[in-house]
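In structure tokens below, several structures.
You will see two complexes here that share subunit A, one where it goes with subunit B and one where it goes with subunit C.
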Partner chain A sequence: MIEQILYAIPFLLEGFYITLLVSTLTVVISLAAGLLLGIGLVYGPAPARLFVRIFSDTIRGIPILVLIFFVYYGLPAAGLDLSSFWAAVAALTLFKTAQVIEYVRGAIGSIPKGQGEAGMAIGLTFPQRLRYVIFPQAVRRFLPPWINGVTDAVKGSALVSLLGVTDLMHAINQVIGRTYEAMPLYVLGAVIYFAVNFALSALSRHLESRFAFIRD
Partner chain B sequence: MGYELNFNLIWRNFDKLFQGLILSLELAVVAIGIGILIGLVLAVWYVSAGRVVRAIIAAYVEFIRNVPLLLLVYLVFYGVPQVVDLRYGATTSFVATLAIYSGAYLVEVFRAGLEAVPRGQIDAGRAIGLTPWQRLIHVRLPAMARITLPALSNTFISLFKDTSIASVIAVPELTYAAQWINFNTFRIVEVYLVVTAMYLVTGYALLFLLRLAERRFRVDR
Partner chain C sequence: MTSNTERRDFLKLGAAGLAVAGLAGGAALSLSAQEAAAQSASDSRLREVLNRGKLLCGTGSTNAPWHFENDAGELVGMDITMGRILAKALFDDAQAVEFVLEDPAQRIPNVTTGKVDIAIQFMTMSGQRAQLVNFSRPYYVEGVALISSPKADNKTFADFEKLGSGARVSILQNVGAEEAVHEVLPEATVMQLDTQANVLQALDSRRVDAAAVDLSTVRWLVARNPDRYFDAGKQWRSMLYGAAMRQGDLDWLNFVNTAFSIAMFGHETALYDEAFKTYFGLEPPVRTPGFPTI
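Coming up: the complex of A and B.
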């Protein structure tokens, strides 16, 4: 068994790199898009709010796997030819963006109304109120669930293996295809995923307890 | 833009999709049923157990929650039969995986729910002479059930969506039916449009019904 694991490790490392790459791209792009759309959902004009609401509710209502297939097979028909790697990243990013939107809405919504009104009373403009009053508090409410959601991105990235992207999951299956020893490799893979995600959720819990002093 | 949508072949095979949808729902229902059992037993055990049992339950919860469901599905279907002398089909394998998976999430839900039962209610139970077992059955669990109902419906909806992963081991649920039609008719865009709509409509219909049920059992404050 040790021998098989040693044989597998170089392949798994390559796959692990792709897993990290897919996860990082997903997390970074969705953070930018989600913040923008999330703020649009809270402060935007009615049509923008409606658009973001429909976007978020639709995307979150579809299984990620179906979303991945939809993007991968659907976009070429719409004239956009993406490689399987970028199609997978695009689909995962869409899904994650919808989640980030909800974290943003939740975080901003948890700041008592009086805070914004107090800012208004001392003559702060709208951008100033966001910058000095709302965001510094909201970011503390946003971070723990968001970091926790990063583990979802790492876990969800395993689905890209179904498009033939050689991530950790796919590398594991390829090695099993050669050695026919499924159990040790799946357990090894589970341990690797677990290590990454457990570290992330521990970080999330730590931040949560650090920011727990904020009360309404 | 040379692609023209043509749904005829989809409607002709619609019974496959419909049966797939029914199977998806069945998978989710059976999985959450077993998952609730696992979750309840472990949660009740956890809150009254010593350190070792707590550590073991926590290890199960943390392990399952931090590993991709896809990997667990493969592990149970391809890995476990290599080590243990057990024979089971893809559907059984997937239901077992999803049950173990949902169980890990539900332990946390129920544990939080048990801790949220007001202290006074348990003390009142003690005051009228209920045994610890009676307090559990007649006081703590009913109160917990009402508190955890919203989280339970969310878990169910999310499991319903997760059933799409069963397609990777050829369980003929909705996503697998989509792939079947896709391979046989090449109407890829149409089939995924229809299937997406089916997931959305079913998911939101379930959500609506579960919210109605929740309102009926809501704890009045």
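Coming up: the complex of A and C.
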């Protein structure tokens, strides 16, 4: 088995790079968009809240596979013809953004109302209340589900192979398709995915402890 | 000038006007016909491919001997060779082709939405599929065969027949997969799996006694791993493999058919013959001048 694993590693490097690239793009873009829309969902005016609510519920209600194929095959009809790589990234990002919106809503919503009212009582403005009272506490509630979502994004990136993008999983299948030695390659794939996600979990624990108390 | 003369002059003028109008109309009509002809030619995928300078060919990369990466990381296989044959016919350059990797489920959508010019990916020709895409002439006749382990006590088709309901056979998930196995082993237990690799993995893990896979795969695996795989000696069902193209473009379809026919039966069979020998271990038939057998 070791021999087959060593043979396969050089063929997986490019696919591994694509997996990391897809995961990073998905996580970074969805974090930025999700934070913005999530805050809009909690504090925005009624039309903005309605828009974000419809967006989030719609995207979360569609299976990610359907979303991937819709972006790839459906958007060209609307004049947006994305390559298979960018179509896959767009679909995964849309899906992840909807999740981040809900993490943000949950994190902010879990802070007792009294916290904001106390800030108001001592004369803090709305932006100050958010910056010094609400967000520092909400970040601690936001991090655990978000990091969990990041590991999901890494594993979910394997879906890009459905559009012919050669990520780690597709590269593994390419070697299996040549050698028909499935088990050593599945073991190798599991080890690589585990290594990445274990590192992320360790980072998560570090960040959680970093934000476990509010600094002066 | 009398009124008669005036009327004649008026009629002459009218006739001349009609003649001019007729000529102009005729010219306009003939121009439209030329434009229409030009439009028709430029609408064809053939013209688009020639203008682009390379062929976009949808295929896979995970199924030897059809489409897979060799030890050098190059995409090779019988489907890949058919793509190169087409590129050679188009540009006299077998390398003028970009292979667009796709999942088997993407073969028809990629063709119908124009993401690729053609899909060459071990595609079985069927009536249902032919309602959605145009198929080229077949370039291979595939069959189903049983592969087993040489070390197993039960490894031949006769052994599996004796086992009856005790025989276990893995096969790729597909419509009619169970029926395909029961056609030759009516009582066998069928295990349907998601990929060809897992169908064989079930055999390696001894979860099944035999795997029902493509005949070409059996030949490929037994030739390379005789100590691990055994041809159980049963093959059945013929399936035609053809390339898929978008419907409504006869120029492109005819071109592909012509290119394939020349590569299989005409004066440029070197690429096809070499691939046929390499990937199936078979000698291509001798082409005899005279009556066309294609």
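Note that the second predicted complex is superposed on the first by the 200 of 216 C-alpha atoms of A that agree within 3 Å, B and C clash if a C-alpha of one lies under 4 Å from a C-alpha of the other, contacts with A are read in each partner's own complex, and residues count from 1 in each chain.
In this text, a residue touches a chain if its C-beta (ideal position, glycine included) is under 8 Å from a C-beta of that chain, and two chains touch if they have at least 3 such contacts.
Note that the coordinates shown come from a computational prediction; the quantities given were computed from them, not determined experimentally.
After superposition onto subunit A, the partners subunit B and subunit C occupy overlapping space and clash. In the superposition on chain A, contact of A:R178 is made with subunit C only, not with subunit B. Of the two partner chains, subunit B and subunit C are each touched by A:Y73.
In the superposition on chain A, contact is made by A:F11 with subunit C only, not with subunit B.
Looking at the shared chain after the overlay, A:L162 reaches both subunit B and subunit C.
Between subunit B and subunit C, B touches the greater number of residues of subunit A. After superposition on chain A, the stretch of subunit B whose C-alpha atoms clash with subunit C is 75-83, while the remaining options among 39-47, 57-65, 75-83 or 201-209 stay clear. Subunit A residues in contact with subunit B (one complex) as well as with subunit C (other complex) are 69, 73, 161-162, 173, 176, 182-183.
Against subunit A, the residues of subunit B that register as touching in their complex are 1, 3, 62-63, 65-72, 74-75, 78-80, 82-83, 161-165, 167-168, 175, 178-179, 182, 188-189, 192-193, 195-196, 199-200, 203-204.
On the subunit A side of its complex with subunit C, the touching residues are 11, 69, 73, 76, 84, 161-166, 170, 173-178, 180, 182-183. Within the complex formed with subunit B, the subunit A residues making contact are 58, 61-67, 69-70, 73-74, 77-79, 151, 154-159, 161-162, 169, 172-173, 176, 181-183, 186-187, 189-190, 193-194, 197-198, 201. Contact residues on subunit C toward subunit A in their complex (touch as defined above): 60-64, 68-70, 73, 100-103, 105-106, 109, 113, 195-198, 200-201, 204-205, 221, 225.
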